[in-house]
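Right after this note come the structures.
You will see chain A twice below: alongside chain B first, and alongside chain C after that.
== the complex of A and B ==
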């Protein structure tokens, strides 16, 4: 309980300061969260959904913890939780898995919540961009909370980017709750380009109503240790989810994507595609479960995890899972782990392209499928450029960080 | 242009080429004929530096330069082009990016600046016409979903883009119908100059009717056993290889 103790002590120390800065909805949840966190502690590898993470080690360092509420001007449809409608505020911590200790830690320590609320039948023309820039003089832990509420027939694109502007250690614990009412359409993009000393725990929980469609793309372009969790509960008939992810990792980077998609009702569709390119001694993990509940007939589901290992020292753990309690469904799941295509490499070299460039083109080509699935054209174009830069080692030239070279 | 002396090469420890001697001068077209397994494709792979083959002895010089120590990409930039027997599909790598990377790598090697995007696309359009390659194909990924014939046409298109000094056509005629064969061969002929040479590997006379080789070699069991003019190809077409085998008789010692 060593790693947990510092967080519990810290909470007890700042409890008053914290509650005085936070709205009631958040404060009401803190004590329960503390009990959960203190009772469970950080999950070990024995906990199924944390098999590929090293949570205690990730949270063990002594971080300074930021306790600043949101400030500045927020874009349209975005609010501090205190300024949101009461019915929206009431959804706080109602979608997240409150029994999870990482979520509990977030609930315990988070100061403010960014609410994105798109009202009924409103289409937000321009993407809402939430840009997180990690910056500080000392090693810092950030607890971030976002609540997205898409009313009936609402439509929006949300892009969340994580960057680091200083070279010290950062630990991010993020919880995003998403409620989608009937007929809502949401594209939610997460792009991480931080640096080797950044650890990120992202937890996204979505509840989908009837005929709603969700596109979620999670792109890990540069990081240290990352764990992305995505839980989608399909509660309304006719809903559809596309969950995509791409990972480019090298050196000693670690990326773990963990998804759970639950089909509760009939006639829903889920598509998952996660692709990893791992180089050097990078470690990747993908564990995705599709759970089709009893009665969820006519479910259509496809889950794919494909991985390219550029070296013998890179490692990939892949675990696609399918659990079905209905008898009239179409479900498939699969994963592949492969090496560079040597015949393609030679073909390119014979045309004069040097080996390094040829490898780069093949890696970018492997990722392309995920990028091409992104419905937002401007983001797609930008990501092609970012992926190319990333593979050329031109990304994340953070201040003073010698490790990226 | 190309000088091969007493070349021995093996793959996985098995010797395939057992002393090849071949000289190709500027402007010449040489045909290499022979049965399956004689070592024809090995010869072309060794010239372009395929990493699976090991050269155990002998030498290859290209324009006076020893190329055995050069990487495949360096040999390519020196001006050696292989039209692959089985062109590789590379999903996700667009023809445009592929060709641009190849052409600019060569230009860099020659000390030239990359070709501006507009000029490059213009060149693509121009060269595409030589082999009547549909723009639909050049906007796709490399060879992805191309038919057998389209792949071969795409090889000659790439050759037209890269303007090699020496082109090696490894069974470019296989899998082509008569019309496609004519288009590919005529395309190839349009690209010929007095300074460019070719080695054409084939089983059949058909392609040679168009390409009109200056010299015809017969490769049997890793050696060039007979060399002649165009009439040799015609004779092989009508009589096969058995008479040549009989002619050399005991000079081929079984291992």
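== the complex of A and C ==
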């Protein structure tokens, strides 16, 4: 309980400072979250969904905790939670899994919430980019909270990037809640390029209404320890979800993607594609569950996880699961772990491409399938460049965008 | 055609045809589990001290454990003190060496030939009722080749060195809750030893039957196949219809040495409970094979149609370089049956290969889960695994689930897994209907076709039985 204690103590200490800076909707949830967190503590590996994460070790170091609310001017459709409509504010902490202690910790300690609200039948032309830059003199923990509300027929692209501008340790605990009303379209991209000392716990919870479409891509290009959780609840008929992910990891990196897609009603579709390239002593984990509830007939679901291991010390754990309580469904999953095709390598070498370059090409081609699935062209082009750089080992530090300069 | 339909209907209407009980004088010990009971069982079987110590160690370890709950199962609570751990139906006549005619009749009814003249060519049988092996046939003939096939109690007396060397070497008593329980109270089961270079000339078979009320069956099977030897082993099981749950917690251990080959086939038809989900056998079994020698082979084939709850994972530890393991399974659940079954393939040796083919069929209100682990250790260069698990759903209230785990620690390994879940295709049904085959028969045809890949792996007599069972188990689930 030692790791938990420092967070509980810290909360008791700053409780007043927290509540004075946050709106009532957030404050009302804190005590309940504290009780959940204190009762459950950090989940051990015996908890099925945390089988591949070492939560306690990740949260054990003594971090300074950021308690500053959002500041500056926000672009259109983005608000601080205090400035959002009451109806929107009321959705805070309604979609997330409140019984989960990582979420509870976030609810306890988070100061402000960024709200993205796209009103009815509105199409946001340019992608909304939320750029998180980790920077500080000392080791820092960040509790980040985003609430996305897509009204009927609303359409938007959101890109969330994680970067680190200084070399110290960072721990991010992020909770994103998404509510999609009838006919809404949302593409949500997450790109992580931090460094080996960064730990990231991301929890994305989505509730989908009738005929809504969600595209979620999670690209882990560089990191330390990362755990991405994605829970999608398909509540409206005819909704569709595409969940994509790619991971490029080497050294001692650790990436764990954990997804749960629940089909509650008939005629919904889900597609999942996750690809991993693991080098050196990297550890990858993928656990994806598709849960088709009773009565969710005519469900179509496809789950694919493909992995490339480049060394003996790299490890991959994969666990594609189906839990089905309806009979008129088409569900499939496939998962592979393997290495590069020797014949393809030979073919390239025969044509004068040296071995290193040939291996690189094959890895890039392997990842390309995920990137090609991304509907946003500009991001796709950028990612091709980033992946190529990453594989060449040139992406070991923050590129230095205008924000850090 | 008319006759054939009649036959199918008859088979379907028979429901559970092995549900009778035998009125035979049975020596049952008091209910409950304690160190005294463990000592009593050991005493009744006149066991040497080392075995008693093994049992006691297991029992003391079991006391420290709690029953696991991670299965995708709704388990009725098991009161371990309400079960009698030893029931011996042969007690009365043992002095004369003859089998009680009532017992004989039971096995006749089940179609198990205890008389050697009646035996199907090429099958030697060890029949186990409740806690005791009733008879093992063809022993002399097998002895000529040096093959040992007898009940494990006899083996303890006659071949103590062999038993002591291998017992608990594949499934140690500390393995899991039910393995510890079995190690403490196991009663009978078969022991097979195939010496170096011997091909067992006939199929060996064990038939398990629970008869007495309020008892559990805790058998233990140990198969040792020495270098270059071969054996094919069959296992069948039935139990009477009772409205209480009966516990069956067995252990099967298989040791496969260099270049040896073992085929283990199971047709499991324990009483599944009635259509309301009352009663039935709780089948909680630990089965594991250890492929110790290079280029050894082991194949598990199982057809699971019975039991209220089936919770088992016949597994293979592939330590020998170049060893190969296979797992073929058909699991059928109907009414309120629950199954959480699959396999574990643990690759340790170089160039080891494993194949998993699992077919689940769920109907009624049943839940059917495949759970499997493929683990490739960092030493297993060139390991190869292919897994395929399909589920077929017949009915809107049943569930089919897949929980595969793959842990790969070696870059030269190739591991593939695929799974599909769907209902019977309308096109196929329509095609068969169009050709004058009614829906029930069409479903049975499609199901049999779906399961063929596994059933083909069974020895002939078993395959026929398995096909019949598939039909019976799914009775009433169509339309």
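Simple rule for what comes next: the second predicted complex is superposed on the first by the 396 of 405 C-alpha atoms of A that agree within 3 Å, B and C clash if a C-alpha of one lies under 4 Å from a C-alpha of the other, contacts with A are read in each partner's own complex, and residues count from 1 in each chain.
Keep in mind that, in the parts below, a residue touches a chain if its C-beta (ideal position, glycine included) is under 8 Å from a C-beta of that chain, and two chains touch if they have at least 3 such contacts.
Please read these numbers as outputs of a predicted model, since none were measured by experiment.
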Which superposed partner A:80 touches (first chain B, second chain C, both, neither): neither
Chain B versus chain C as contact partner of A:298, first or second or both or neither: neither
Touched partner set for A:271, first chain B, second chain C, both or neither: neither
Between chain B and chain C, more extensive residue contact with chain A: C
Partner chain in contact with A:21 - chain B first, chain C second, else both or neither: neither
Partner chain in contact with A:309 - chain B first, chain C second, else both or neither: second
Touched partner set for A:382, first chain B, second chain C, both or neither: neither
Common interface positions of chain A, toward chain B and toward chain C: none
Chain A contact footprint on chain C (complex, rising order): 70, 72, 376, 378, 391, 393-423
List of chain B residues in touch with chain A within their complex: 48, 50-51, 71-73, 76-77, 81-82, 84, 87-93, 97-98, 101-103, 105-106, 109, 141-142, 158, 162
Residue numbers on chain A that touch chain B, as the complex places them: 341, 343-344, 346-355, 357, 361-362, 364-369
Residue ranges of chain A in contact with chain C within the complex: 48, 294-295, 297, 307, 309-339
